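As structure tokens, here come the structures.
Common to both upcoming complexes is subunit A, partnered first by subunit B, then by subunit C.
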Partner chain A sequence: MNADIRPIRTPAEQALVSALGSLPETGGGRLADLRRASARAFVENGLPHRRVEEWKYTDLRNLMREAVPLASPATVARADAGARLLNGADLRRIVVANGAVVRELSDLDGLEEGLSIATLADALASGDAVLGQLGGIVPARYDAALALNTALASDGLVITVAPGAQIERPVHVAHVFAGDIAAASFARSLVIVGAGAHFTYAESFEGPEGLAYQANVATEFVVGDEAHLDVVRLQEEGAAAIHLATLLFDVGRKAQLHTFGFSSGAAVARTSLYATLSGADSHVAFNGAVLVKDRQHVDSTLFVDHTVPGCESRELFKHVLDDNSRAVFQGKIVVRQAAQKTDGRMMSRALLLGDDAEMDNKPELEIFADDVACGHGATCGAIDEDLLFYLRARGIPLKEAQSLLVQAFVGEAIELVENDVLREALVERAEGWLRARG
Partner chain B sequence: MPAVQETVEQVRSIDVDQYKYGFFTDIESEKAPKGLDEDTVRFISAKKNEPEWMLEWRLEAFRRWQTMREPDWARVSYPAIDYQNLYYYSAPKRPSQLSIDDIDPEILATYEKLGIPLRERDALLGIESAGGSRVAVDAVFDSVSVATTFKEELAKAGVIFMPISEAIREYPELVKKYLGSVVPVTDNFFATLNSAVFSDGSFVYVPKGVRCPMELSTYFRINERNTGQFERTLIIADEGAYVSYLEGCTAPMRDENQLHAAVVELVALADAEIKYSTVQNWYPGDKDGKGGIFNFVTKRGDCRGDRSKISWTQVETGSAITWKYPSCILRGDNSQGEFYSIAISNGRQQVDSGTKMIHLGKNTSSRIISKGIAAGYSDNTYRGLVSAHRKATGARNFTNCDSLLIGDKCGAHTVPYIESKNSSAHFEHEATTSKISEDQLFYCRQRGLDPEEATALIVNGFVKDVLQQLPMEFAVEAQKLISVSLEGSVG
Partner chain C sequence: MAMLEIDNLHAKIDGDEGKEILKGLSLKVNPGEVHAIMGPNGSGKSTLSYILAGKEDYEVTDGSVTLDGEDLLEMEIDERAAKGVFLAFQYPIEVPGVATMTFLRAALNAQRKKRGEAEISTPDFLRLVKAKSGALGINPDMLKRGVNVGFSGGEKKRMEILQMAILEPKICILDETDSGLDIDALKVVSEGVNALRSPDRGMIVITHYQRLLNHIVPDFVHVMNKGRIVRSGGKELALELEANGYAEYQQDAA
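Here is the complex of A and B:
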């Protein structure tokens, strides 16, 4: 058990290592170095497995065995047909298909004052100065998904919101996989919200049902002093897909950051969220709802690093598990010695509907400052029999009663989404999931 | 005298140099040659007159150990241990275990000093008058058991309580059946090392339907320089039996680190109950972190029968490094596991402790109450696992871990793993970390308590839930210990 055995590379690892042999040429000195360093780190460490603590419950080496080629660009027609989520809502929509921005389908004209949106490919080609911030937020430990993304992503978005700009209409980045063969796509974005600005960023993920494609996205968010950023994610990848997402945040002084992740898609999904609170007195909230069924595996991992005094962090995650599905919640709050007066609360709750569902919770606190109030809670269990009985006694059929209770359970988290349009859309997606359950 | 007042007085009476068990007893002792190889294992086995099967068992463990690496996942850091620079066996020279009068008077004096009377007459007078109950003691001095009290009276009830080295000779069938059945030889680095070189420890067997007439207790003392203590405890409660067992530990103050790697195995058959309490007060090192005991302990209980119950209570105040996870395997249907813990770290101490509750049977339940207090430059980690397997329908767990930080140079960490593999399991976990509230301190100080007294008072309130679980004699001792451990942490 203590022997250090290095297994032979899986086909997926071999394919990735050979893909890393020919890194994208774009991006000058620093970025080229970054790509090479990330590629080297992956070649050395490979895919994480259960002996890697952060991936203990999501053994990627085992879950991602198949080798798939890198995705080729999608046609506009296929991308258009595929991107359906949040369509029609009043959002500025940008379509990213197979990891590349599709200009024909993206609403890039008439941007509000203070908002600028460029594609990463263009920014790389023109050597945009803002790229100096790309790769600036670095997790404490090597993260395989992020390393692959850094090495291989060649497109995505670069969004900047000027200091003080109040952008009311949310920007919606619709990621879609469109293709006939399973392939791997990589997209990398950078969002910079200037001091005092207000911005809402939404992203959605979808793709064909039966195809075992792999989507790897990473987005870095720089939240300026006193800025206000809302991030809403809707993950409904195809049922055979692997979704790997990395979100990196650097939060300034007195800033407000709220994120919400809704996850009901993919065969295997892992979202790693790293947030560094580097300005005092900020308020951050990371919330989410996970609805899974069949043999789905969805992992939400948070790492919140309090480095300065007076910050507040709130986390609320709701999981609903049906059939043989498995959900993982790992949340770590670190409070450094300088981060006095930190107030952190983390809660993970799970409702197990399927007899063979599995919930793994690992909420962690790591505290080096004494004047703090930190706590976490985790619960899991079946639907309360008393509540079910109450509803059934009033003539509501079993399935419907369950649906009502699940809706209320998930609703508590979805309610925290500030934007009305997005909140309504998420409520509707949750109801859709319950209806599909029958 | 009310407990609170007593605590406050205790705090007042103690100087900065707080470890009162730090003396060394100068007696002649017999040691195995320094270092560890197959010959050391054979030497220990021969010293104990062990049968051939026991030697084989040890050698197998030793060979396995050589292929293993020291675990590094715990949140503790310490200089590399040189396993070849230790004595694995050290015994007082005078023959022991014949009768109390053959014991070296120095050793008797040592235990007197520690407050453990080994003479039954004294014990009767001393402890009975204090607590109204009697405690049978097995005293382990370095590598050997020097005395076991109340043997005859226990034998009348059918209870076997003796050093494990004797049990191997006298009850080989029982030992063969249960030894290594809860903590397998190959379990982990330190448990495997223990399996190879353990020298003594206690063996308890409580027969069917017997309620052990008195508390059983083992008192461990490391005396010699450069020795490791490797004790092995095996407690078996047969169907319907009940036993309460206490364990206490101390060591002299030395500027070198000493190794303590114990294994404790508990087996509870149907309807049996075992209550295991520990007050661990090994020498924690001086204020700069020099010296102190490295405490790497594997403790595990197996609720093998239906409706069985195992309860761990621990007060951890000593040791430079504590690496300890008393666990329950809830195998029998309707079995119960409990874990109550107070872990206090001060100075440069590092504690990584917690529990595992593994639910395998139906309708099993477990309860975890952990209170961690970190002061000075110490690090205090709770690490725990609660898991319910597919067939463990109706499993229940409640976990509460609270941490208290005193001073801004210490760390308190919580690392729980909660794994539920079936929908009828119901798990609740809560954890908080905070400092002593200014309001509480202000309230106490307004009433004339100085900051240190006020802190002791509040801390005693913080750990009350756990102290209540300790047998009475221990609860008083533990409460005093808590005040002592926090001495010098305020102001």
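Here is the complex of A and C:
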């Protein structure tokens, strides 16, 4: 006899299932089908928990129990007041508040030749052909955060860089949560960088300190042959927030892709990065710095899939953990049989400042080709006492000596950011984090 | 009262139930004096220098150390530095990612701040470093690199003397500053140290070999063995040690 399987849902899951149920069932075409399939997948699988290997250390079902409504649009004034990160730097700024583009605050005029920026809402309304590529990069396994995003996001950005275009000024998408009621926002973007083009994409995330809002953002990047794309993320969500990010990359032949994620915000943050290297001889680097304190939980999970020969991948993540915080690094590199001459190196280092901090490092290599050079490493430890003694013996007080050493530690990763403006901004954010430690 | 007074100092490795490393060491250093401490390996010379600087791996079980009448052992490591204690390390450590200039400036300003003085201005600081590093033959490129990163043994020792010259301590403790130096480097480093000799400043020069004392001529020489000073004399004592070795002291103390 087959018993009915009635999943027991948490309040958060129930609220999300209800939100999915209230979506209009109208509309045909690929995207509508995709939305419906994603919604069904979530209704079936719910939020991931610790028995799902990819979420082993970030039991989202447990960490995200409370139900919150879907976010309503923010007023321009509130969005403006809330979006402070990377302001003033020479970046083309676009503000996305509560998951919706705020045109009044966005610099969408005088775009460089070869750069086009549309909102996802407009592209959906006009049936823009470029949307044929949305949802084109699909993870090997069900990803709850991405499924929710696909089903629920109604705005975000569609950015295309024409083949050969060299866009010097970075585009900065400033995501902000603005409101007084904890709510869930969803934003979805698509970035297409044409063959041989050069582009720098930055995004920042912030919101009110005490509010348990949830931000779910997913961005797909299609990196053309011989294109060069830099992605810099600054995640400084409010201290009670949940931040779920999915980054999806398809990387062409001889392309260069560098990403850097700086994460010091949110109560719970998870960034899942999926990269498929589908053109030979590309060079990719996925780097990051995570600075956490109190009871923060920040998870960086990477899936890098080498499907073609001759690609080089590099990962360097630096984690600094104070108080009772927890950081997770999972890095999975798959080297398919065809991907001969792959050169992959992954390193995750953690510095534990707090006695009760926890670092979980899980590097995984799956190699099916026989002529490759792959390596990984993970370290975890306290600040070197001999280094501290040396600095203090010259008169530098303990906290300042620690700060200098922590800065040097994360600096090794931050200095990999190519764009000067963004690199300096990140150094400044790291310094700010250390100053706030007192 | 002497500037630095070490009285009947007993110490062991912290948490170690085992034997004492310092067993009743006494020494007085007045301003302007240079004291050499010589002795065989394991006599406790480096331990003494670490305890004076405040390294936390040791536990003082008896005795006292005062600097200008203040209890040095009660002070934090950085407080001691601000009061004028400087240890030139036997093995200066590499600090990757912390530029030498950043480090020097942080150290100088931290000490000035603790003494209630204003921070040094950027032009004044640059002038100061340029003057002092030039005299020690330190190349400006080295100052841009991480502290001691990739430096040769001789370069590291010169960097220690540069720090000393910039921080202008009251009491300098040089722990085997001659180790790892060739003759030319020894000369440069010694000249740097001699330039810092002053009527206001005391020095303790720890060494195995008389060689260094040809360049930095001490006022007093002490022989240390098994955790205490077993003989003191003038600079001629160093020559005697060079000729006869430490064997007689090691037997005496056994």
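In this text, the second predicted complex is superposed on the first by the 426 of 438 C-alpha atoms of A that agree within 3 Å, B and C clash if a C-alpha of one lies under 4 Å from a C-alpha of the other, contacts with A are read in each partner's own complex, and residues count from 1 in each chain.
Just so it is clear, a contact is a pair of C-beta atoms (placed from the backbone, for glycine too) under 8 Å apart; a residue touches a chain by one contact, two chains touch by 3 or more.
As the structure is a prediction and not an experimental result, all values here were calculated from the model.
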Exercise. Specify the outcome, clash or fit, for subunit B and subunit C once both structures are aligned onto subunit A.
Key: fit
Quiz item: Is A:Ala125 touching the first partner subunit B, the second partner subunit C, both, or neither of them?
Solution: neither
Quiz item: Touching A:Ile181, do we find subunit B (first), subunit C (second), both, or neither?
Solution: neither
Quiz item: If you stack the two complexes on chain A, which partner ends up touching A:Arg394: first (subunit B), second (subunit C), both, or neither?
Solution: second
Quiz item: What's the minimum Cα gap, in whole angstrom, linking subunit B and subunit C in the superposed view?
Solution: 14
Quiz item: Residues of subunit A touching subunit C in their complex?
Solution: 385-387, 389-398, 400-401, 404-405, 407-409, 411-412
Practice problem: Under the touch definition given earlier, write down the residues of subunit B that touch subunit A in their complex. | Solution: 67-71, 73, 186, 188-189, 390, 403, 405-435
Quiz item: What residues of subunit A sit close enough to touch subunit B in their complex?
Solution: 1-4, 53, 321, 337, 340, 350, 352-382
Practice problem: Note which residues of subunit C are touching subunit A in the complex, please. | Solution: 53-56, 76-78, 80-82, 86-87, 89, 92-93, 95-98, 102-103, 106-108, 110-111, 114, 146, 163, 167
